[in-house]
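Report on the following structure.
Chains here go by letter, A, B, C and D, matching the order in which they are written, and residues are numbered from 1 within each.
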Amino acid sequence: MHSSPKKNLPEDICIVLGGAAGQGIQTIETGLTRLLKQSGYHVFASKEYMSRIRGGSNSTQIRVSSGPVAAPLERIDLFIPLDGAALTHLCPRLQAASLVLGDRANLPAYPGLIDMPLTTIAQQAGDHRYASSVTIGAVVGLLGICLELLDDYLQQRFSDHPSTIIAGNRVAAAAGYQYGQKLAKTGTMQFELKALASVTGDLLLSGSEVIGLGALAGGCNFISSYPMSPGTGVLTFLAEQADEFGLVVDQAEDEIAAINMALGAWYAGARALVSTSGGGFALMSEGFSLAGMIESPLVVHLAQRPGPATGLPTHTEQGDLQLALHAGHGEFPCLVLAPGSLQEAFSLTRRAFDLADKYQLPVIILTDQFLLDSLTNIPALDLHNLQPHQQFVETDTDYARYRLTASGLSPRGLPGHGAGLVCVDSDEHDEAGHISEDLVLRTAMTDKRLRKQSELLQDAIAPQLLGSDDFHTLVVCWGSTYHVLREALGALKGLPVAGLHFSQLYPLPPQATAWLRQARQLLVVEGNATGQFASLLEQAYDCTVEHRILKYNGLPFTVEELKQRLQSLLDAPD
Amino acid sequence: MKAQNYDRPNIDIAWCPGCGNFAILKILKQALAELAIPPQNLVITSGIGQAAKTPHYLQTHIFNGLHGRALPAATAIKAANPQLTVIAEGGDGDMYGEGGNHFMHTIRRNPDLTHLVHNNMVYGLTKGQASPTSQRGLVTPLQIDGVCQEPFNPLSVAIALNASFVARVFVGAFEQGVAVFKAAIQHHGYALVDILQPCVTFNKLNTYAWFEEHTYPLENSHDPGSREQAFARACEMERLPLGIFYRSQDRKVFEKQLSAYREDQRPLYQRPLESTKLQNLLDTNRSL
Amino acid sequence: MHSSPKKNLPEDICIVLGGAAGQGIQTIETGLTRLLKQSGYHVFASKEYMSRIRGGSNSTQIRVSSGPVAAPLERIDLFIPLDGAALTHLCPRLQAASLVLGDRANLPAYPGLIDMPLTTIAQQAGDHRYASSVTIGAVVGLLGICLELLDDYLQQRFSDHPSTIIAGNRVAAAAGYQYGQKLAKTGTMQFELKALASVTGDLLLSGSEVIGLGALAGGCNFISSYPMSPGTGVLTFLAEQADEFGLVVDQAEDEIAAINMALGAWYAGARALVSTSGGGFALMSEGFSLAGMIESPLVVHLAQRPGPATGLPTHTEQGDLQLALHAGHGEFPCLVLAPGSLQEAFSLTRRAFDLADKYQLPVIILTDQFLLDSLTNIPALDLHNLQPHQQFVETDTDYARYRLTASGLSPRGLPGHGAGLVCVDSDEHDEAGHISEDLVLRTAMTDKRLRKQSELLQDAIAPQLLGSDDFHTLVVCWGSTYHVLREALGALKGLPVAGLHFSQLYPLPPQATAWLRQARQLLVVEGNATGQFASLLEQAYDCTVEHRILKYNGLPFTVEELKQRLQSLLDAPD
Amino acid sequence: MKAQNYDRPNIDIAWCPGCGNFAILKILKQALAELAIPPQNLVITSGIGQAAKTPHYLQTHIFNGLHGRALPAATAIKAANPQLTVIAEGGDGDMYGEGGNHFMHTIRRNPDLTHLVHNNMVYGLTKGQASPTSQRGLVTPLQIDGVCQEPFNPLSVAIALNASFVARVFVGAFEQGVAVFKAAIQHHGYALVDILQPCVTFNKLNTYAWFEEHTYPLENSHDPGSREQAFARACEMERLPLGIFYRSQDRKVFEKQLSAYREDQRPLYQRPLESTKLQNLLDTNRSL
């Protein structure tokens, strides 16, 4: 590892791997990020892939850095195309300084391509299928990480394989490593990464994993869902934990079953989650309204992808905001949270269960493919006070589920827990939960339900200011655009501009008002085609958004792109 | 226990005078009383329709959810707390129409619950349109030239799906009704009881008299252990046999197979959060 | 009939009948409105009923007037309770001047009740079931309508019954008539109704019927729906016309099937309608998004009732506006129309088919139980130029369904009509309609779809100003509140207040801007608990709504109530 | 006509090498060619999944709608224009899971369409979760302890619903496949072809070899006219019979019963608006 600091060398390099599904990109990503983190580097990986099982053109971007980073870049420092399609697909992003490594035997001619004979090396190690280990070895060698770590990793990774496979991969990786080291010596790639001992003990988690962990920390013990990208990852993660944590996991026959099961589960005292994407959530719209009417807690993970309809199943978008805000017929309160980072994805998911339970209403965690499929190192997740704040009561004989109260909240009983009877009804109902057509009661019950909305504001999450508070221009963003805006603003230093990131989208936090008033110029950045949040902002805070910076081609914003678009819009400082 | 223990005082029942639903309510209370199931231990889920109002008319926990969605709620309730006795109840439209997909897949899961379907062969609450079980030719406000689809045969479908308990009763036969309801509730696994019920207001074809004429009890010799026999009997359309068509004890029960109950029998709400396990999970992630 | 005009006598009387389901209120309403209209009176009837088949407490209000009226009143001039429950339920609305007629034998004691021995009279005519005819006879007698008309009516009404029944009803009605005439002579009820020859030839139609007729006029030939109050009436009406008009009518197994059938039907060249209510539409949300993606025309009749969930199935509300505006995941244009009157319900439904076809997008007709169940006389419905403006083309071999065009509109082909192949796809697709993950194309296709939204504004329906344009206060309403606001404002004459009724809710018509700017005080009237349209208005026109006049107990606004609530809010004129 | 007439040039097929879907595409093209159905007269509807991409890979009109919803679209297309040949195609998850309710009720309607279900006993596109037809014990990323539900038996359910044509084929048997596809397309009414198809990527249990071993052709002596025989054969689980299980010609076809086609055979799009009838309808309303 380079221990003597040199001047002006990048402390942040961006590695991109591209190839067809089935070529091992995922394996390489997993190995590299783990090894880099374990060596003390900050890592951040994000993916682009197609909706197919084999073939197509996928890529993964891995940022390796001396400090925390969590946004995608346009720039590519090291590019490893595994097939010709990857080269074609990504070469527009290559610059003079980009290093391109690849197996000349499998690639079309490309000027500047440095030959890395993956197949040959792998075959020499015993099997062409060891190519991924060669690649991992090469990068790790190039970056000067110690070979032992790599070796340990491979032994662990292949521990349940026959010993010949373990040995073959080790040999292949070592050969790749040598290749990488040799390349490093040529000085083709110059960088100055600082390894930090503290980082080696960090967690390394993906978006889907942190949502799953947040659910576990929130006491989730019931998951009913129907698979749908990109919401499936959370479901898979929790299924893997089911035995250990005693979770009930059910793959439902359809999304309608999933949400109605979740409501049944909450009714009986479980803490249930459903994970889905826009189309699946659209199908749950009626069930979502049922949660409102029976005042059931519910947590929905809504993982966005580009729509309408089937759209682009494996890409990213922030296009389902309005759906999340207005799903379900009739009027009832709900809470919509959109985490900006993986840390926040954990904490908000955890919190979602407690808030759903406390306010007896449905909570949506609004994420997207970009956030869920990204991976980064995280020092810690907040596990303090790990007790679910369960709010149910033991009932007595005159228990009535919908007692009219000043706060709108009625003690929630469970069937079989106490002497009372717990009746919930999708029709308008009386205090005992029985069907009623008393129109005075109708108004009272509607008011009761809506009162919870104002109560809810007590727990509203303030938006986070990015930058200093002496701004003229304020750039608003929400959900997964947090890091990219943060980094883009960082690159605009000196200008009177700050960012404001919302992670509570409904009800909107009152704390935002002062910041929004202060702005002379208001911009909104979001990953959709119409500026859904911008419209919401204008209505809720009576402000005017001067420009909407939108992207909707299925990819997340990159730092450079956003920086440039912001720059072109910024008022000259006065 | 007595059937009266399940009475709810001072209620305004929304059914038409003479409706078959009253008889079903009576059969249900009697069966519950004979089985001595305390209301505090019983949950009835239902959808929307005249039949689906039933749980409001007796003492019990109620989950009266959406049209067609009583089964998923019931399955989840049982899975979250297997100590409860769970019944899902509703009409033929509710359960075989809107809720048809849940009907099939709940049978595949085989949770330990009782499925009571008030089959009046019509949509009552929405004023007389055809239901999936309506007979060919039935004229309704929507099917003005008469129903022209094959009537849905819940029994043959349940048997095809290898349901573990499949029965049909007629509200006119109280004793058999009580016996079958009891057997269904006691059955360990999913139990379907399709209940032939006249709708005196909207179904002028399938009246009490019609049902009397077109039903008969399965012979004692009928072997409810034979799936093929059961299927053949279920396909009889001229006169509809009544009784338990099929019963199998060897099917695994949904909630019993959940790993959540492998070592711990407590309902989910009684369990603490597994914080140590969570901590361990994170710790593992920190290393290579 | 009173032919000599007297001074100060009301030219508008309000009759209310109340009783249990099954007691014949509907029969009486049908008979009375028909006879009154045929006698030259303007009539308007609206209903309140419970979600049950027998029993409960229902009522119908019939306004009889010398001029057109179409809004519910609080006031009751003539009340006929058929059972005790009706008396209890409605007596809060009775005033000193209200005449209460009823069968003392079946009713609890009530001061001022004038005995009308319905059962006895009916039994004397041969059967207690003739009571409805007695009641019709009594009212008709009281109002001085000619007996012959009544007699003709009954003969027609019972024409397919055995002659004894016809005769029995005629005798019963005649006896009721005598009773009514006798009562009239006592002068207990004073009024001055003017009969107009022109009215006798008017149409007499309910909301559900005019929507159905509008569909027929729009070329609708395919209806797939699942019954759900209050959307079922349209379905039933069209089913009755199926044989005559060659319509395909299918009662689907669920709402999801219904909307997907409708889309299949449009694809194959039919003009399809689905009719449903909030809960059913929530289930259609995914299918609605499919219409957006495949650019299919579609007409959805969304008949609102109070929510959330099952709510109050037979009552009214305007609570599904936000759902209508934002249903479906992803971003795509749509059109939301909300008729204010029965005439408009016809014209907008007719128009919906042409606009859906022209712009290749889904159109929602947003009504409610109040509008659908009301009944009034209408001089004529506009049938001119009755040709559907069918927009499909005959394809040739290089046909591509999603040709990128400047307007966003691509010629729509039909399978089997021409040499080309018509491919539609719920995934993002290329011009030919085949699945694609080309991200440049993704942006182009999104832009293309959204371009139609601006095109659509060319056909935007301007809001209608109610009153004179020198207002200070502007009261905005939408959908079925048109007539009640109109009449309430009429009663506030002299004040600088006007109304503005929107029947196009999305995209909002630009023509409203000037009116909204002019208002010093802006009020919004709507039948929901949160003021959904008010929020929309604020966002879209950058205005501030000072007060939201809301009602959400399941009943429509009445003229007196709205007048009073407006009065209390009106700025003093300066 | 030749199978090649259905080829689409220059397409990038998204299936994995070796997938059973390729064989299905080939069988389909061959059957269409032998029946000489012009692409201009053929509509294939599909849902979402690997199987549901099939229509993109041949020359035809396509309605590639939502996951699970190919059947309602197909039924409506046929009803709006009965002159078209209509096929609904998709995977086992698509058709029996998400779309299960339409499966049942489409059979009840009996429209004249062909229902091709690629049954690979797994969810392919979403990466290997269990499908309704997955065998007990199959371990997947979601069913980590193995599938514990009764596998869905599409044939027995279709027969229970009195479907008019019920068949199963295996992609490994090309000739039989073509013959059955042709019979299904020619059948007048709803025709189900459940197609056993290995998913080489995600289903390591039900491989080509497994299917070879666990299937056999129905004997020539099998009488497809007998519903009970068909049901019994459909219930065989050890080894799965292949061929036409059941066929009945006497069921009425959905679109034939529609009053829209009683006197007029034209597709709906060719008909003028009935303005005189509408005028008459209004005129009638004006009088008593």
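Just so it is clear, a contact is a pair of C-beta atoms (placed from the backbone, for glycine too) under 8 Å apart; a residue touches a chain by one contact, two chains touch by 3 or more.
These figures come from a predicted structure and were not determined experimentally.
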item: Chain pair with more C-beta contacts, A-D versus A-B; value: A-B
item: Option in C-D, A-B or A-D whose residue-number contact pairs overlap B-C by over half; value: A-D
item: Subunit B and subunit D: spacing of chain centres that average the CA atoms, whole Å; value: 30
item: Centroid distance [mean C-alpha coordinates] between subunit D and subunit C, Å; value: 41
item: Between subunit D and subunit A, distance of the C-alpha-averaged centres to the nearest whole Å; value: 38
item: Set of subunit D residues in contact with two or more other chains; value: 14, 48, 66, 97, 100-101, 104-105, 132, 145, 259
item: Sequence positions of subunit A contacting 2 or more other chains; value: 51, 56, 242-243, 253-254, 256, 279, 286, 290, 294, 309-310, 313, 425-427
item: Subunit C contact footprint on subunit D (complex, rising order); value: 11, 14, 39-41, 43, 45, 48, 53, 56, 59-66, 69, 72-77, 79-81, 83-84, 101-102, 104-105, 258-260, 262-264, 267-275, 277-279, 281-282, 285-288
item: Touch list for subunit D against partner subunit A, complex; value: 12, 14-17, 48, 50, 66-68, 97-98, 100, 123-127, 129-130, 132, 141-145, 201-202
item: For the subunit A and subunit D complex, residues of the former touching the latter; value: 22, 51-56, 226-229, 232, 235-236, 239-240, 242-243, 249, 251, 253-254, 279, 309-310, 313
item: Contact set on subunit C toward subunit D in their complex; value: 34, 38, 149, 152-153, 156, 201-205, 213, 216-217, 219, 221-222, 224, 241-248, 250, 252-254, 256-258, 260-265, 267-272, 286-287, 290, 294, 381, 383, 386-388, 390, 392, 414-427, 433-435
item: Complex interface listing, subunit C residues touching subunit A; value: 50-51, 56, 256, 277-283, 285-286, 288-290, 292-294, 306-313, 315, 317, 319-320, 322-323, 325-332, 425-428, 437, 439-440, 442-443, 446-447, 450, 528-530, 532, 535-536, 538-539, 542, 544, 552-555
